[in-house]
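One chain, chain A, links the two complexes that follow: it is found with chain B in the first and with chain C in the second.
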Partner chain A sequence: MIPPDPGPGPVATRREFFRRGLRAGAAIAATGGLGAWLWNRHPPGDFGRTQASDPRKDFAVRAAGPRMAIATGRDRAAMLRRALAAMGGIERFIGRGDRVMLKVNAAFATPAILGATTHPDLVAELARLCRAAGAASVIVTDNPINSPESCFELTGIGAAARASGAGLFVPRQGSFRAGTLPGGRLIRDWPVLDEPFAGVTKLIGVAPVKGHQRAGASMTMKNWYGLLGGRRNQFHQDIDGIIVELAMLVKPTLVVLDGTDSMMTNGPTGGSLADLKATNTLIVATDPVAADACGATLLGKTFRDLPYLVRAGEMGLGTADFESLHPARVPAQAS
Partner chain B sequence: MANLCSPFGKPCGVSAAGSLYVLRALDGIATHSGMQHSKARSPGPGERAIAACSLAVLAAVLAGVCIRQTRFDPAVMMSAGVPPAAPAQAMPGLLEKWPAGLSPMSGAEAFSPGTLSDKIDGKADLYLSAGFVSLKDQRVALAGGAGSWMEMLVFDMGLPANAFSVYSSQRRPNAADAGIADYSYEADNELCLVHGNYYVELVCSDSSDPARRAAETVARAYVGATAVAEHANMGAEQALFPPEGLVAGSIALVPSDVFGFDRLKNVFVARYRDGGNEVTLFAANRGAPDEAAKVAAELRGFFVADCGGRETPAPPAPPGAAIFDLGGSFEAVFAAGPYIAGVHQAPDRESAQRWLAVLSRRISGAHP
Partner chain C sequence: MRITTARRIAQAFFFALFVWLCVVATVGTRLWQWRGWPIRWFLELDPLVALGTALTTRSLFPGLFWAFATIALTILLGRVFCGWVCPFGSIHHFVGWLAQRSRPLKRRIEANRYHRAQAVKYCLLAALLAAALLPVGRMMLGSLQTGLLDPIPLVNRSFNLAVLSVADLAAGNWAGAGRFYSGAGLVGAVFLALVLLNVAVPRFYCRFICPLGALLGVIGRVSPWGIGARRAKCTECGVCDLNCAGACNPMGPIRPSECLMCMNCLDDCPSVEPIAYGPRPSPAGEITSPGMSRRDFVISVAAGLAVVPLARLGGATANDWPAGMIRPPGAVAEEEFLARCVKCSECVRVCPTNVLQPAGLSWGWEALWTPALNNRIGTSGCQSNCIACGHACPTGAIRPLTLDEKLGRGGFEAAGPIRIGLAFVDRGRCLPWAMERPCIVCEETCPVSPKAIHLEEVEQTIREGATVRLQRPVVDPARCTGCGVCEHECPMSGQRAIRVTADNETRDRSHAVLLHHEKQ
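On to the complex of A and B.
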């Protein structure tokens, strides 16, 4: 409603004019103060200033075709060598001058014998094999939220990387870049590990087989969770959804799934040797979905027990029917 | 409607009328300054257009804010919690004085419900659903242990029952009673105990004898140095389970979503050998007979409506008991006094009926 025209009013005195001016000034100052008080000086990752980039990371070697090998035994390094040989040799995937990243699982500051993290023997052997295949550099990384330096050191991964001539990249706050996954529902304007990928030409994920309280199992696909920064624990509310999106995010050159000892209970942290079962298997594959579907069997499950594997298969992110890849089976006595 | 800025004693909120008041206020100041206008006038078309444009811009901003807020944006949620860096808090050591031969490798850290998953990732749900309050942890080195070390994790679970819940649900199958505090066991490289409302894990980097002895020493030192409120143990509920056939160490307290039914909480369960099979017995004190009967009725409904179960002929005892066939696996439930109890995943109806009778007699004997 438009207010009625007040008509000619009394002329204000000088005192009245200053009084009104003072009130107006106070109101403006109060409004400004309120705005300053409510202003968020630390917006989420300062993402508002930049357009979120496409965070997808594709390092697949399509010319090699889908390949998979399942080795059995107890010696991780020997199983790795045999599995790679059965897939045509590491040279099929790593070439001269490649800059290789090994994405390990270093999520917890626990000793390697507890099986909660990537075993240092695999890190050392993979780094050595990559260098032998002509890789110009190998870096090892993960993003443990709590005490990353302790995680790398107490798991033995840091020492293994140094001993094999690989670099160790410990993320810091500036190592992430806002990314929005095309077609993604959860990874939107989210900090994704970026800095160590500069110049990287090949990516290998290396993870242990573990039961997981929420996801059912933690294997190579869940391992990409370490590429996420920020308060990522909220993704646990849709753990299957985020694992599927991580499979959309990352296309690795290879994945190595270590089921030498599988964490059957109390995963993903474990804590006791009693949580482990000797399953004597190491899986190497170009397809993380196939690798995890095979790894699920070590936990007494099938891919149908893990909704993220079912969804990833339906979305064409890989095949849960790992037998369709005709995996090379490399028994222990073959070495 | 906002009423923030009228020096003329009139509102100047976000409305067409308010805009005109503002224009008139400016007009009044200009008049007083002797710039022009010997008499007041109605706002002109230009002024009305400016007011309308201002309101349109404000409306667009409001609509934009509303649309944006309806979309889940984890990046915005991220800013609402604890700062991403250094979520754990440094604090004094878990023991004022560590036993001889042990030296802290670092200061202790503390985690809240909001940061627990930073430490234990997907296992956080287990603790959060059981009433987790806080976690403090610290690592100590073992002198002469060739690199051996131990991590001590102290979970404050708020109540002794909550602490027993997480303790019992993680008990390892090869655990041996450690004889420390309310409940305790050793399994390979680990010693776990319940002391009042605290659940404590001592995880050694190896399972050597020196490491295990050190864990035991630390456990005793912690219990001796940590006062807890006087509390009753959970012996009364555990005594309801018959000893014959009981799988050792299998009694556990499940805090929530028992058997997938969200109304069934804080239930004691125990596993039993039944020939070549295993069955689970369960019992929970609901405080009053009415409440126990109500939950039992809801559970019966759950078996039929949500699990596709078929009720079989009523067993002879106890009164009001029911047995359901869930496609070859049998569930039984009854209420007795303040207790709801029953049998879970019996291999056949006879087994369910037999265990139902045994459990019913135990409960009647304990609470006639």
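On to the complex of A and C.
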């Protein structure tokens, strides 16, 4: 037997056909509308393009004027306190409610005693002094060369930050933002550390004095290299140029240059105590160019031996003739 | 004229047009060359190309709006594209008919019965679209892998790389350029295997694999017209299955999403019009479900979502980017490239020097059959005054450059020329560097002006005591565009003494070797 019509489902009536026709028309209209809306919305190459922002970081306290102090001794924390006191106290620079970033040099996963990185004693004492001056928060950061976690742990900087109540910011890939430095030739559409700067009101750079095979010396100005992301090693093709641009990029509140021991050979990595020389000096300044010009003397150089200092001085980014700032000299106290 | 005759004429026409558009994908101005032929047209008609790139890039490359014509046609009439237009479908149709025609009727009818494995193609479609939809990587784009199975890119690739190349070889390089393609064997083998499956089951690929057919099947569910049987007049003889292309059970209840609109059932039915084309639903009932269970769907989508992140774990789109993979000029950055390229090989075919090649598996399976340069295989490197590949690309994976943009002139001076890589001298293999013999072919053939290769002159006392004047090539990265002409011409034919890698390519800023202001 043949089963009678109709089969399962709705019957092909005129009403049903009309309904289906309307539905088909609506589907065609919707597809066409969607296609028109998507029409070349992102032309090829659109996704590689970035919106470069102005990456400059200006945290200078200009009202305090240019100030500089050179302390001598072996106790880093004590030298720091005395140098700051000679500059009129940290309260001139750090006030109540300030959010302070300490940009350390944590480039290598080596112990502090080898002098390739910022000494943890300085990190701890700076963080303590900032808090005592009323700072609401202190964070410590760097974009190191070696594995970031290892760097912060093995240098002792991480432990110092924790012990003094400071936060530690370890950069991730997303922490950087493409920026183009106005007037810059090198920092163009380049990833610059951005995320930890949110809410920051003061910036202190803290770096050791090191010889550097390529740049001649690595001190507070070269330390800003750690704010760069991407394949930044290509800037070694123009190391003086990039250090000068970093000086245009960053205006810190203060810099602390640690020449208690200076790395005389095999810089910037070192690796042996034999690379270090006791130079028993700690420099605090509002002007990184002046601080580094002074630090150069610990390496047996003058600012004239370091082209980036000469150029930065000529461009008015700082004072290479640091003696003209009449730095306060703070000798070691008998305790 | 019978409707099936009209269908056969349409199939023959579109197949001939397809082959013609493959043949003319050759740079030149003669009638059988590109001139102005719309060589991308079949790819642009393909809704899966349009949908896939729309999912990965949230954008529709302008030419792909043609797909709207196919979609509108399918919404109105069902899978007419499969039965009347698709060149790959026509190949299957013909080979299937050829293989089956002498077999007993009973066996032919059985071979055309609906099989529940026909739901597999919907699973493949779901997995491919899920992979396209999932944003991964820095640019948060999906990975477009539809081209592996999408019939138009597949048949395009097979004809361009395998079928026409073999024909060309047999005809004594009629096309003028050499036609050697690394991996063409695999492309041809896949094509041959899919075609030969018609011997087992007619239209095997269309029924069980084709993700485009699955997409059109889903779209065509809303069509107001379709094939339907009037069971009152039906004797249940089953002859309507004899030549049924889609295995859609025309006797009813029909599966409209499987019906390829071949119309053979109308022709074959011996009774007085029990089967007719008319308003849906069919009087004998319909099964509109694709036959894929909810579990099948979830598993397919999950597999599609998982597979791209797994592939990306290899790091080929991150720090371990393959330096040997030189993309053609105008290619967008790799993540976007993988979101756009459908592996159709149109650019590979059109490249006048044959330097552009389909990638094998050595750069990760995501890059399989995508275009990259091989400076040894062709007749030269990438030609300075050629922009053919970008204009052949249907999806914008390779941007359609102007010569001014490629060469960095006429308003593009600030950006400089498009660089696809950088040449490196291997001083251990280079004749003047390593073997005290003059050469400098690389410097002579460097097409960049001023030259990207300059010469260091040295007087050298050689083994016999004589002094020779040697000129040693040195590459200037600020001028080199990576065109590969030097590599192609280097007399060290085994492994060249000057070789290009993708370092310094324009399309990815993080691959730059030079400082920003050093760019020309």
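Assume the second predicted complex is superposed on the first by the 282 of 335 C-alpha atoms of A that agree within 3 Å, B and C clash if a C-alpha of one lies under 4 Å from a C-alpha of the other, contacts with A are read in each partner's own complex, and residues count from 1 in each chain.
Following the convention adopted for this analysis, a contact is a pair of C-beta atoms (placed from the backbone, for glycine too) under 8 Å apart; a residue touches a chain by one contact, two chains touch by 3 or more.
What you are looking at is a predicted structure, and each value in this text was computed from that prediction instead of being measured.
Would you check which partner chain A:Pro268 touches, where first means chain B only, second means chain C only, and both and neither mean what they say?
Touch partner of A:Pro268: chain B, not chain C.
Where does A:Gly21 make contact in the superposed view: on chain B (first), on chain C (second), on both, or on neither?
After superposition on chain A, A:Gly21 lies in contact with both partners, chain B and chain C.
Of the two partners chain B and chain C, indicate the one touching more residues belonging to chain A.
Comparing touch counts on chain A for chain B and chain C gives B.
Just chain B (first), just chain C (second), both, or neither: which does A:Leu186 touch?
After superposition on chain A, A:Leu186 lies in contact with both partners, chain B and chain C.
Which of the two partners, first being chain B and second being chain C, lies in contact with A:Gly230: first, second, both, or neither?
Both partners, chain B and chain C.
Quick check for you: in the superposed arrangement, does A:Pro111 touch first (chain B), second (chain C), both or neither?
Touch partner of A:Pro111: chain B, not chain C.
Between chain B (first) and chain C (second), which does A:Leu38 come into contact with in this model arrangement: first, second, both, or neither?
In the superposed model, A:Leu38 contacts chain C only, not chain B.
Which chain A residues lie in the overlap of the chain B contact set and the chain C contact set?
On chain A, the overlap between the chain B and chain C contacts is residues 2-3, 5-9, 11-12, 17, 20-21, 23-24, 27-28, 31, 40, 42-45, 47, 173, 186, 188-190, 230-231, 234-235.
Name, in rising order, each residue of chain A that touches chain B in their complex.
Against chain B, chain A makes touches at 1-3, 5-9, 11-12, 17, 20-21, 23-24, 27-28, 30-31, 40, 42-45, 47, 107-111, 113-114, 145-147, 150, 154, 173, 178, 186, 188-191, 212-215, 218, 229-231, 233-236, 239, 265-269, 271-275.
Under the stated contact criterion, what part of chain A meets chain C in this complex?
Touching chain C: residues 2-12, 16-17, 20-21, 23-24, 27-28, 31-32, 35, 38-48, 173, 185-186, 188-190, 230-231, 234-235, 237-238, 241 of chain A.
In their complex, what parts of chain C are in touch with chain A?
The contact residues of chain C facing chain A are 50, 54, 57-62, 65, 67-68, 71-72, 75-76, 138-139, 141, 219, 222-224, 228, 230-232, 234-236, 252-253, 278-286, 332-333, 335-336, 339-340, 396-399, 507-510, 512-517.
Along chain B, where are the residues that touch chain A in the complex?
4-8, 10, 16-17, 20-21, 24-25, 28-29, 31-32, 39-42, 73-79, 81-85, 87-88, 106, 109, 117-126, 139, 149, 151, 170, 172-175, 187-190, 201, 203, 205-207
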